[in-house]
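One structure, as structure tokens, below. Some questions next.
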Amino acid sequence: MSDTLLDIRNLGIGLGGDPAHEVVKGLTLGIQPGETMCLVGESGSGKSLTALSVMGLLPKALAPTRGQILLKGEDMLTASSKRMRGLRATAMSMIFQEPMTALSPVHRVGDQIAEVLDAHTNLDGKARRKRVLEMMEHVHLPNVESLYYSYPHQLSGGQRQRIMIAMALILRPQLLIADEPTTALDVTTQKQILTLIRELREEQGTAVLFITHDMGVVAEIADDVTVLRLGEVEETRPVDALLRQPKTPYSRKLLQAVPSLIPRPPRKLNDRPIVLQTTDLGMTYESSGWFRKGRSVVAAKEVNLTLRQGQTLGIVGESGSGKSTVARCIVRLIDPTTGSIRISGTEVASISQRALKPHRRKVQIVFQDPFRSLNPRIEVGESIIEGPTNFGVPRRKAMDRARELMELVGLPGSALDRYPHQFSGGQRQRIAIARAIAMDPDLLVADEAVSALDVSVQAQVLELLDDIQKRLGIGLLFITHDLRVAAQICDDVMVMQHGKVVEYGPAATVLGDPKTEYTRALIEAAPGRDWDFGNFRPVSETMAAMKQQQS
Amino acid sequence: MSTQAAPSGGSPSRIAQLREIVFSSPIVTFAALMLLLIVLAAIFAPWITPYDPARLSPGTRLRPASDAHWLGTDAFGRDLFSRIVYGTRISLAVGIGAAVAAVLLGLAVGLIAGFFRTLDAILMRVVDGLMAIPNILLAIAIVALSGASIWTVLVAITIPEVPRVVRLVRSVVLSAREEPYVEAAIAAGSSTWRILTRHLLPNTIAPLIVQGTYICASAILIEAILSFLGAGISPETPTWGNIMAEGRIYFQINPGIIFWPGLVLSITILSINLVGDAVRDALDPRMAKRGIDR
Amino acid sequence: MLGYIVQRILAAIPVMGFVALFVFLLLRLTPGDPAAIIAGDAATPAQLAAIRERLGLTDPIHVQFINWITDLLRGDFGVSIISGTPVINMIGSRLEPTISLALTTITLSIIIAVPLGVIAAWKQGTIIDRLVMAISVVGFSVPIFVIGYVMIQIFAMQLGWFPVQGFRSITEGLGPFAQRIFLPTISLTLLYIALIARITRTSMLEILNEDYVRTAHAKGLTDTRVLMRHALRNCAVPIVTVIGIGFALIISGVVVTESVFNLPGIGRLTVDAVLARDYPVIQAVILLASLVYVVVNLLIDIAYVFLDPRIRYQ
Amino acid sequence: QPVEAQTLRAVKHSDLRVLDPIITTAYMSRNHGYMVFDTLVALDANFEIQPQMADWEISDDGMTYRFTLREGLMFHDGEPVRPADVIASIRRWGERDGMGQVLMTYIDSMEGDGDDVVVINLSQPYGLVLDSLAKPSSNVPFIMPERLAETPSTEAIPEQIGSGPFRFVQDEFQPGVQAVYLKNEDYVPRDEPSSWAAGGKVVNVDRVEWVTMADDQTALSALMAGEIDYWEQPPADLLPILEGNPEMEVRNLNELGYQTIGRMNFLHPPFDNKLIRQAALAALNQQDVLDAMIGNPDLYNVCASMFICGTPLESDAGAEFGTESHLDRARELLEEAGYDGTPVVIMHPTDVVTLRTQPVVATQLLRDAGFEVDLQATDWQTLVGRRASQAPTDEGGWNMFFTNWVGADVFNPLVNNMVNGRGAEGGWFGWPDIPRAEELRTAYAEATDPEQQVAYARELQELAYDEVMYVPLGEYIVPSAWSTNLDGVLDGPAPFFWNITKAE
């Protein structure tokens, strides 16, 4: 293993450097030059910490307890901080998950890249600028001359991530660490970034340590994969071998949890009553000032949809296409500017908040962010009964019901008196669902309700929603940008772009046989779409099998 | 579907929380102890002090510290120690009173301004106006307006502080009302009152504690400055501020008259700030998260 | 940008209007009688009434208010009731000491406090942090006049390095100016150091948790560079806010300092005017102070735009 | 200013605000008047009246006074002093000043005779014509140009043009900061040595600056550091520090000193009852007040006389309970009066150092005697406004306040405002309505025989004590301090700045 670029041996990371409280427990891992190693595993398994310890950037609360991290034979754990500074950006670089926050908001992006050159080379200002511009072009940024002087907030998420990549690669380090670099981006952008990283690796021969929990991404770019669980390595395999024959049960489970892109067959629901119908729903955001002309954004336009009891309607589309706007109009968190919304036959689009109150219980919403959608200062039980008690259910009765609901969503009823921070993200999202169904709604709106969860937890929550829908027969309006998820649970799918509906119909039709260019592009951008993870084989083989079955 | 057990451990009791705050560092412990002592001194002033703090004795004025008068006497021959101990009462009352009053008033107005956008514009103009008037000048004018009693001094100190609290609360409310859990509460049909009190109000508590300790400390100081400028509480009623203000011309003859109340004042303000910061840290969600991981 | 400034200035009009009305009413409702000050101790009620009549104090309040406002809009601030000096001259001659003191104080406290706050945040939880905070809180908790007396006693009387009191215009030479402004600046600075160091520390603590600070480290930058260029630059907004408000409120802060060091500034003028019920002077000074406040706020908001490109005029 | 210009820097007891010594009785304005203006005649250190701007002759029947202006008198604008200026000045003063008002009622006519003679004809004999014109303290009949003297007496004069030994520098005047005077090079002093306001006013410095210092502590340090030369009224407690310093001279310049007094409101309960007033008188004592206020026994004097101890009118008539506390007597009187516990509202000005001790001491003594006392802290200006209110206490009125007078302002029945018995219409704050007091004052004024004057004064004082028109709480002196490089600092009822030399 003499040519191993990065050799992590028996690495332990403990809270306060305490071997008794290890978070990463004896991890061993090697990357050859030019190779892409994917690090997968559920949230909290120690992926990021491993990466940070290579860079010598562990949070203060944590410290290595044992082992070695050898970069070209030099131990990073014992190197002086001066030496570490010298190695960063020159020998190893890192891209972080959140392109929104990883760049300093008050410095021009070009300068932020140039700073790397300033710190590590003797180039003068002009030469620096030239190098930066070259690099920016290299990562396919448009109008680099003017982009150089932009601030991060003026760039899209994908552009920012490119800036990060340019910054990481400008000194051509042998090792690039990418910690979930695309999780926050929408599919189309994600695809571009993945292509870029692959390209650069091929050109510069950089070794990549790629952290993700998205199996689609793994299928797309990995040479080798390391599966991590609770701080320990489950297995390290070449990608194809792993996807086809996972050795450990955990890896199997992880792969099985990935939703399939193949749409579910539609259910027969046409005879059920309609719970939600919108006609020509439109929303225009006006920002007005006393002294200035307002700016207006048409966020939704002429949205017509119908949702029946027990049915699931998915709304998909890239970021900013107006999905949330539609959802918020339906729940009347904002007032639509045009059109009508009928909930179980009652028009609610323009009635006053007071008149609206009785209808509130019929429509409930679950938000994307499990960390912010529960009030951190209130016991979860109180959060769940808030709605019912508002509608006159006696406290005690509401509490009993809340206990049942907790069990329904797979949590112990005794956990009602705990605070949100005492639950994991997936558990919190389940509590949020329990809160929503505590109102016995006819309609449940889930706005990116599973996007923030890792695959295994996501699978649990999706299953739960399905289960609840079956039991209670509620209509589900499911908003997502993940086509896999849409394919798995939706009867109908609606595709939105720039506030308009571009395609609307049964899931099998829309996703299986897209009519518009836009939908097609969306589907093509889904990473690993050639792979049917749950069945450990490529989609082509599954299709063939299905054909066989049918015939 | 797997039924994961939720992590164990109920919420820590209030007392445990308090204990954790107090013992979070030796300095905070010391500060809390000092505050306790000072509050006790205020409550038990009549039992601690050897003399009536108002009793004049012009014959024995400006005496240095002695066995009879532990810290000496002031220009009226009154016992300095007794006056400082009694002064604790008014000074603390002014500090705490101003903090509580400013926080409550500011909270009410700030919640309203933050939540009801229609009232916001008007309220904010008034608040801006009040904020623009220099606070000491406003205080002097108010004291001159209605005579210097503890109440007017309190009002005079409180009014200029209110706008700052309003702004703080308003900004917290403005950002908190965008939180998904507030929207969820709206979707659950909760009344405006309920949303204000249950969901928005608690968010303001941590910053308000910091602001409150700041107001408390600065009120005690402003009272001293008002006394210095001759617009404070009647010198008949001892406060740390007016003891110092009265004693200032004896600075070179009997420096104790300024030194001792100044020392107590500084220790109090220091302690209030330290304890306030510790409470804030304990309430800060980020800090709290760190606590969980531990 | 220009449009924004104009808009902000227009928005300040109702604020100033409120201040003007509020101050006017407050003063007129305040007991006290400038006539009595003019006439002295032995005046009889009839003499007082005659003087009051002369000063226009017997007019109905709204008439007085309208008179004052119309004069004001014409640029006429009136004359002092007591000394007959034009208010504009009185304020004019008092501006320099106050502005000098304010500027030196703010400058010095920024120079001292910001690094202190940065160090405290960087070394959070250590002895250095506690020490810095303790020092700054002590600065905040000792009344200014005590600090002033002690300074005079030590540096002017014992050591003889500085004059006790007084003010020299900077036009009379930097030496005499600096000599006299030094002690007042130091005693006022302690308070501002406390304020600014604390806010710097708090904001820095928040910023140091940000992702881009980690990014900066990942670039291989030195700690100092990360601290000063990335972290500090990013918390400029809250720090500038506190500094700005501190500056706007310095009128209150200088009152005591001006008394102790006998600086002929605005603060002292105002207190004298309040105690003498010299209405035109008080009104003008408070309006001026509010104007300073409004202008400083405007400047702060404009500074925001330069400090934080995300902020746009709204 | 030339480099060698000798400048005398003085810290005064207060700041100069009103630049018209006639419109106000403020002592700072009076002091300012002495710098800029001159007087016809003046009182010397022996209470003798001496010529200053003019010599005089009295006709045998005592009904005609001829004042002959001395040579070389010139206003600062270069105009000579004419009889018309004198007459206009006396008239204006006569409208404002208490003693002047009385004088005017006896004057039949005033007219000029030639360029340098003023003739005053009386309508009936009056013994205090010269005493009035030589009045040393507020309001002093200063002589100003006719055009200024024609300003209505409710309005301040627009310019500071006098014929006095100093010129006022208007440009450098900053109210609350400083007032600046330059030596009047054209002033021709009299030949006699100076004594009080009389004699030659020889100016030896080029420039006098009156500096205001808001803080006594600062003034003390500044004086010791040599940044100022003269401090008019150091607080008594700081004197030992100055006395202990060999470079400082501390001396009392005003022998008449000051009288501190308490005044009750005769219009409202409880002090509308004579017995209760007497009870208060009995409860109060001078010693405690003076101890708390001054401290050093060398600087105060327990004195029962309302008209100042050491003057011709000194007496202890009626002062049986005047200077010491007689608490038993006070309680008896309260019992007898049926005092019902109506609280006594005492106004307490906390911003004036020399006035904030008396109310505190009085409160305690009154409480000891069984009074209910409501001590209300205010600032001096509020007090000044409020004491003019004749309303009951719950409507903004008051029961008692304290103030100090310069000896020269109380040392005879005419100047002493507190023995004025004209009641709510013409009386001084407190408004005792005691016609007999007015009769005695007129009798005093009209008496030409000093012994008779003394007798009337005695009787008036007896009456005033019986009615408790006011409570004299003792006399004190306020020494001034200056650096030893000053020489020739004059005694006087007001601080004078001529005759002083400054060594470099």
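Structure notes:
All chains are identified by letter, namely A, B, C and D, in their written order; residue positions are counted from 1 within each chain.
Methods note: a residue touches a chain if its C-beta (ideal position, glycine included) is under 8 Å from a C-beta of that chain, and two chains touch if they have at least 3 such contacts.
This structure is a prediction, so every number in the text was calculated from the model and none was measured.
Minimum number of contact steps separating chain A from chain D: 2. Chain centres here are Cα means. That of chain A falls 50 Å from that of chain C. Chain centres here are Cα averages; for chain C and chain D they lie 40 Å apart.
Chain B and chain C, compared by their mean Cα positions, are separated by 23 Å. The multi-chain contact residues of chain B, meaning those touching 2 or more other chains, are 144, 229-230, 248, 251-252.
The multi-chain contact residues of chain D, meaning those touching 2 or more other chains, are 215, 217, 351, 379, 381-382. Every pair of chains that touch is listed here: A-B, A-C, B-C, B-D, C-D.
Remark: chain C residues 30-33, 36-48, 50-51, 53-54, 80, 82-85, 90, 93-94, 145, 149, 152-153, 156-157, 160, 163-166, 258-262, 264, 268-269, 272, 275-277 touch chain D in the complex. Here chain D touches chain B in the complex through residues 215-217, 220, 235, 237-238, 240-241, 287-292, 295, 348-353, 356-357, 360-361, 363-364, 375-379, 381-382, going by the rule given at the top. Those residues of chain D whose C-beta lies close enough to touch chain C in the complex are 15, 17-19, 23-26, 29, 96, 98, 138, 152, 154-156, 158, 173-178, 211-215, 217-218, 221-222, 224-225, 227, 351, 379-382, 384-386, 388, 396, 403, 405, 409, 417, 426-428. By the touch criterion stated above, chain C contacts chain A in their complex at residues 3, 7, 10, 210-212, 214-222, 225, 229-230, 233-234, 236, 307-310, 314.
Considering their complex, residues 1-7, 9-11, 179-181, 183-191, 194, 198-199, 202-203, 285, 288-290, 292-294 of chain B touch chain A.
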